[in-house]
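After this come two complexes, each holding chain A, first together with chain B and then together with chain C.
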Partner chain A sequence: MDIASRKTVGKQQPTNAKGSLKRSDRRFAYAILVPAMTAFLIMVAYPFFDAMSMSFFQYTIYDLEPIFIGFDNFVAVLTDPYVLGSWLTTAIFVVGTTLLTMTLGLAWALLMYQDFKGRGVMRTLTLLPWILPSTVSAFVWAWMLNGKYGIVNVMLLGAGFIDSPIQFLSEDIGAMLAVILTRTWISIPLFMSFFLAGLQGMDYQQIEAARIDGAGNLRIVKRLILPHLKPVFLVTGALGMIGNLQQFDIIYALTGGGPVRATSVLSIEVFRQAFENWDLGMASAIGVLWVFTLMPIVIFYLRSLFKED
Partner chain B sequence: MADVILKSVIKRFGKTQTIHGIDLSIDSGDFVVFVGPSGCGKSTLLRMIAGLEEVTEGDIYIDGDCVTNTQPSKRGIAMVFQSYALYPHMSVRENMSFGLEVTGESQSFIDERVSEAASVLKLDDYLDRKPRELSGGQRQRVAIGRTIVRKPKVFLFDEPLSNLDAELRVQMRIEISKLHDQLGNTMIYVTHDQVEAMTMADKIVVLREGVVEQVGTPLNLYHNPANKFVAGFIGSPRMNFLPVIVVQSTARMVLVQLPNGQNVELEFDGSEVVEGQKLEFGVRPEHYFTGAGGDIELELEVEVVEKLGGTTFVYGLLSGFNMTAEVDGDAIVSKGSSMVFSFDRNRVHLFLEDGLALSREQLLANATQTTP
Partner chain C sequence: MKTKKRVLSSLVFAASIFGAHAADPQVTFLNWVTAEPSNQPIVQGLIDQTGVQADVLSSSWGDMQKNVFLRVRTKQELDVFQSSAKWLPTFAQLPNLVDFNEVYGQEYLESLISPAVLASGRYKGKQYGMPWNTGSISLVSNTKVLQQAGIENSPTTIDEFVETLKAVKTAQPESTPYAMMTKGNNLISSDFQLWLWAHGGKIFDENDKLSVNSKATIDTLNFMKNLVDEDLASLDVDRGAARRMFGQGNTAFYFDAPVARGFARDFSGEGEKYDAYVVPVQTPVLSEEMTSHSMEWGHLLIMLKTPNSTVDGSLSKESLSAKFVAGLTMNDSVQLDYFTNSGAIPVTQSARNNPLVTQEKYIVDWNESLGLPLRNELSVLKNSSNYIAVVSEETQSVILGKKTAEEAAAEMEKRIQRLLK
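What follows is the complex of A and B.
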């Protein structure tokens, strides 16, 4: 018997202030939570608290044992211009990628919402970037953006937009553009799916009513579709920012955080400190601050998710 | 006000043809109802008039102008949708203003129109509310209000009452009829509910599988159905049908044998039928009364009796064929008994095997019969 039916069948059992579930149901509820909670404790909570405690220690390749140094790692992080610079780099990457992904994801969703022949095939093909391993996508884009043989340069030259090839991956702006474009390309399918689901939840007769009223496409998008998709924007915006703040593999595969530190976002910085400088205390301190950077967005996302209206 | 003319209108969705060359003329100021079972093409036809569906072949004229390829907003129509199609994030006022804003009207003009429509529809107190804060009936009135403010030539209604409960539906039906009397515009209304069609329409268009079966006034369709489909569709409960065999026929009379062996003489033009031909014999349930006294008497085995107070529905069998009789609420009818029911011979309809009605004198002198 499932929980729902057990709640309504049989003798009424007393409830207490802890909730509306009956005692037996509560035990069952806890029991089914055990596997998930165990996984969470081992895979998420323990590493997080371990890293948090490590952030108060000096622990480099030269130290045999961790040495407690209080907030020194945090002071070092917050006074190091290079590390602080990665916050700015992260912000540029996150804002640029999230905005571009949302704009293109919405535009693509609007296209896929139209009724045309082959729409099903197009929708399936749209998911391709999402299915490909991100490192493969990164290498594909690295090849496309290659200064000598890349198709992007060929097209830009052919169209007359540039006179000589751009060395995307060896220039600061070009490298940032490359990681933003690659991440956007991979994220569009997910964002498109969210927006498409939102659009499909809209009463199409509203659009027809607006057409009869004489509204054009732009007005329909601005006055009807965007307000309808507002909750989707909030959720996808938060999810996008969280995902982009955590981004590592594409950037590492594409630029390794370079040239110099041009694309060295927080995740790359943590990796460098931990596995290039072997300073685990410093890496942990950046990680902890990184979590606090993420926290407001996560809270906003969770609030949006559980908000009734 | 404007007339609407459809000339050989055809609609195909891919290889499937749903509308088969419809010719129709709707006079200016008429309240016309498209009625028919699900999938008969009534909504498609309305959407073609609105410009929301392309016309595959044929032409549509509104107020004398060919609008076949004209944008919906340029046709001078306004439409009320089944789902109301209100903009949920806008207030009632904004919903009603939207169409006028699009055409670039001044704010004072918009306010005047909205206030006028709100007054007609008794929505004055709800103008600042969002659609979700309104009842079903109020939402429907807002949907109508949104069309009124634009002062269109033709109003189109696509099953506007189907989401309302029975009581509200009756109330809104009356309100829409009053609105038509008040505004005097041409209105085209789609429904599958024949009671709505009968009570609201000046003229009913009965559709089946993309073909117009009959066009006429409600009473004309009721009394003089062109075929068995219309006879069965118009009227509730539906008409009783019995297979009969022609025993004898003349230009003024047809003698038929009922399934129980009883011979019945009817005043029809029998010149089209021959002895031994199979026909369908139709009588509406409400034309039965209990006991003898009518021209034709039938003995039914009563299976089910439903007493509604004012009327009683009797479901019985005649030689194995289901029959329904709607008799007086006080009639004493008992389940499981055999009872005599009777009716007048001029209430009988005869249909040929292909469904076409056999011609006879019209029951209503004033009713004008129009066939497609």
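What follows is the complex of A and C.
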């Protein structure tokens, strides 16, 4: 095939990946990628690789210059049972929060999907927890759950459910429940939006037909709605887990990782090493391991996105 | 032409204003006292008295170390900052710290401030910290609450202390008789040490050998746990909560510095009228023949070598930063104002000998409450926050019933040993 005919073929096959764009279009495509790539390199890639290299150094406030120590930081992390415990704490927080948010987000989306008076206002109000700064929400919840002055205790005492106030934030389970509930409360609007968008893509006639055939609410949800929302579940599940794995501000504001490390997730551990112990090498090592913990979920998420495409 | 002239004159005018503002010298001062609403107007008043323009940056006490390090490492403006005396070994690692002996001269400093007070700001022979106010962490009692419970005398032994707390609880069932610190690593480890000393124990013995896995530690941990179990102390209490409860008459005792009186005035809403109820007492001990201890405490000002600390490139007491530090720490009028308004004990010898201080009953009581002050055993260690975290976590484990006192004491020793290695 001569050059001329090759060119002709290229023109006749616009779907071919390489031939689909003209050279000038490709240049333009690269040009518009430049700002995003620059931001990515400066804001993500550089700090990441910098932290990665730092993880092989001893660098505390007592060291004027970083000292290369190979894998010592990783060995220290992986042999310290207290730091290792952060992985389990993270897993409990991530799984608990993601499952609860998905369940309540779906339930709320189903409710908001119904036609009732004031639905628009209700949908708007639902977004409120998502709009509020997360630290503000965390402090509001901290006051509500306060063992001495909190409204939750006042209500429980008033209703006669308890005899003495519960110190939610000072007990292991209470503190973990508090951070899970707060994070869930903040995330529900976002998850609800995803599910609502999914529901709105459904053919409502199918549901009506199922009702005529005698299907109850539960059966409709199980046989029609859930299968339809499967892709949404995959995406929200992955996004939720990634977001919860990165969670820091709510936990720090509510419990600071305590009591006794009960809510000390990986982000808190990195903060503690970096800004309390001033051990940047160790903090970087935990950060690197944290990224590897995130990686499988990110890969799963990206694969499911590309599959859909 | 007319338009050009207008534009040009506007630019010149704008430049002159900007230039004047840019040249306006001011010291960047980072501290935590102005972050406390009750202290903010008092300290701002003191700063104004120095006559030095200052850009005052406030940080919460808990975030202070982090903010200082971040500002220094990111090369943001910072000339002078406040430090707790116990943080000095950590801050001493910062680059560009100023040795105040080089600025004011050691002899001059010692003529103003007693060597014992100056020692709180000295690290490895260098005067990196200038004492701003001094004192101790002592047990403060609320006599109004105690009187309501029919208690007239301060408890001197631990058994008497517990009986007193029970009496307060009976008289005021909703109260937290002793606001023990159960939140925040620094605070928990501080209260633990004070009670450990009261039980006759130490974390390190007189030969600096680790001695925390002891009967005294076990007794201390059990004592702290029992207080919570018997509802004589509460979970989720930090210094801020304790000060509030104390001022509101919900607490009979808690550990604090001399500034306790200022907070009691504020939180009681009664101002100086409440002073009569704020009485420092000696920490009760296991048996009467034992020595009571308080914990050394003080605030320092630390100066960094910046253009504001030098004149013609050399450190000088005529520099803006040096004048600012001197204004706050060496001016008797400022020191006495701080004392009168918030109870912060002055550092200069002349201010300490002023009748305002010597005849003040609160200070007389405070001095009597000291017993033998000891330095925080953990804060002097390299990477102290690691040790503080260990002691705090193990103490909390016992209080929450996750470990027995014996297990926690053994684990405390094991973990500290590991850190020391």
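Just so we're on the same page, the second predicted complex is superposed on the first by the 285 of 309 C-alpha atoms of A that agree within 3 Å, B and C clash if a C-alpha of one lies under 4 Å from a C-alpha of the other, contacts with A are read in each partner's own complex, and residues count from 1 in each chain.
Just so it is clear, contacts are C-beta pairs under 8 Å (C-beta built on N, C-alpha and C of every residue); 3 or more make two chains touch, one makes a residue touch a chain.
In this text, all values refer to a predicted model and were calculated from it rather than measured experimentally.
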Joint occupancy of chain A by chain B and chain C, clash or fit: fit
Partner chain(s) touched by A:D203 [first = chain B, second = chain C, both, neither]: first
Which of chain B and chain C A:V83 touches, first, second, both or neither: neither
Partner chain(s) touched by A:F275 [first = chain B, second = chain C, both, neither]: second
First (chain B), second (chain C), both or neither touched by A:D213: first
Partner touching more residues of chain A, whether chain B or chain C: C
Contacts of A:H228 with chain B and chain C, given as first, second, both or neither: first
Where chain B and chain C come nearest after superposition, their Cα distance in Å: 50
Doubly contacted chain A residues - partners chain C and chain B: none
Contacting residues of chain A [partner chain B, same complex]: 203, 205-206, 208-215, 219, 223-224, 227-228, 230
Interface residues, chain B side, partner chain A - complex: 50-52, 71-74, 77-79, 81-83, 85-89, 98-99, 102-103, 146, 150
Residue numbers on chain C that touch chain A, as the complex places them: 66, 69, 90, 93-95, 176, 182-184, 231, 234-236, 241, 382-383, 385-386, 389, 393, 396-397, 400, 402
Complex interface listing, chain A residues touching chain C: 60-62, 64, 82, 146-148, 164, 167, 169-172, 256, 258-261, 272, 275-279
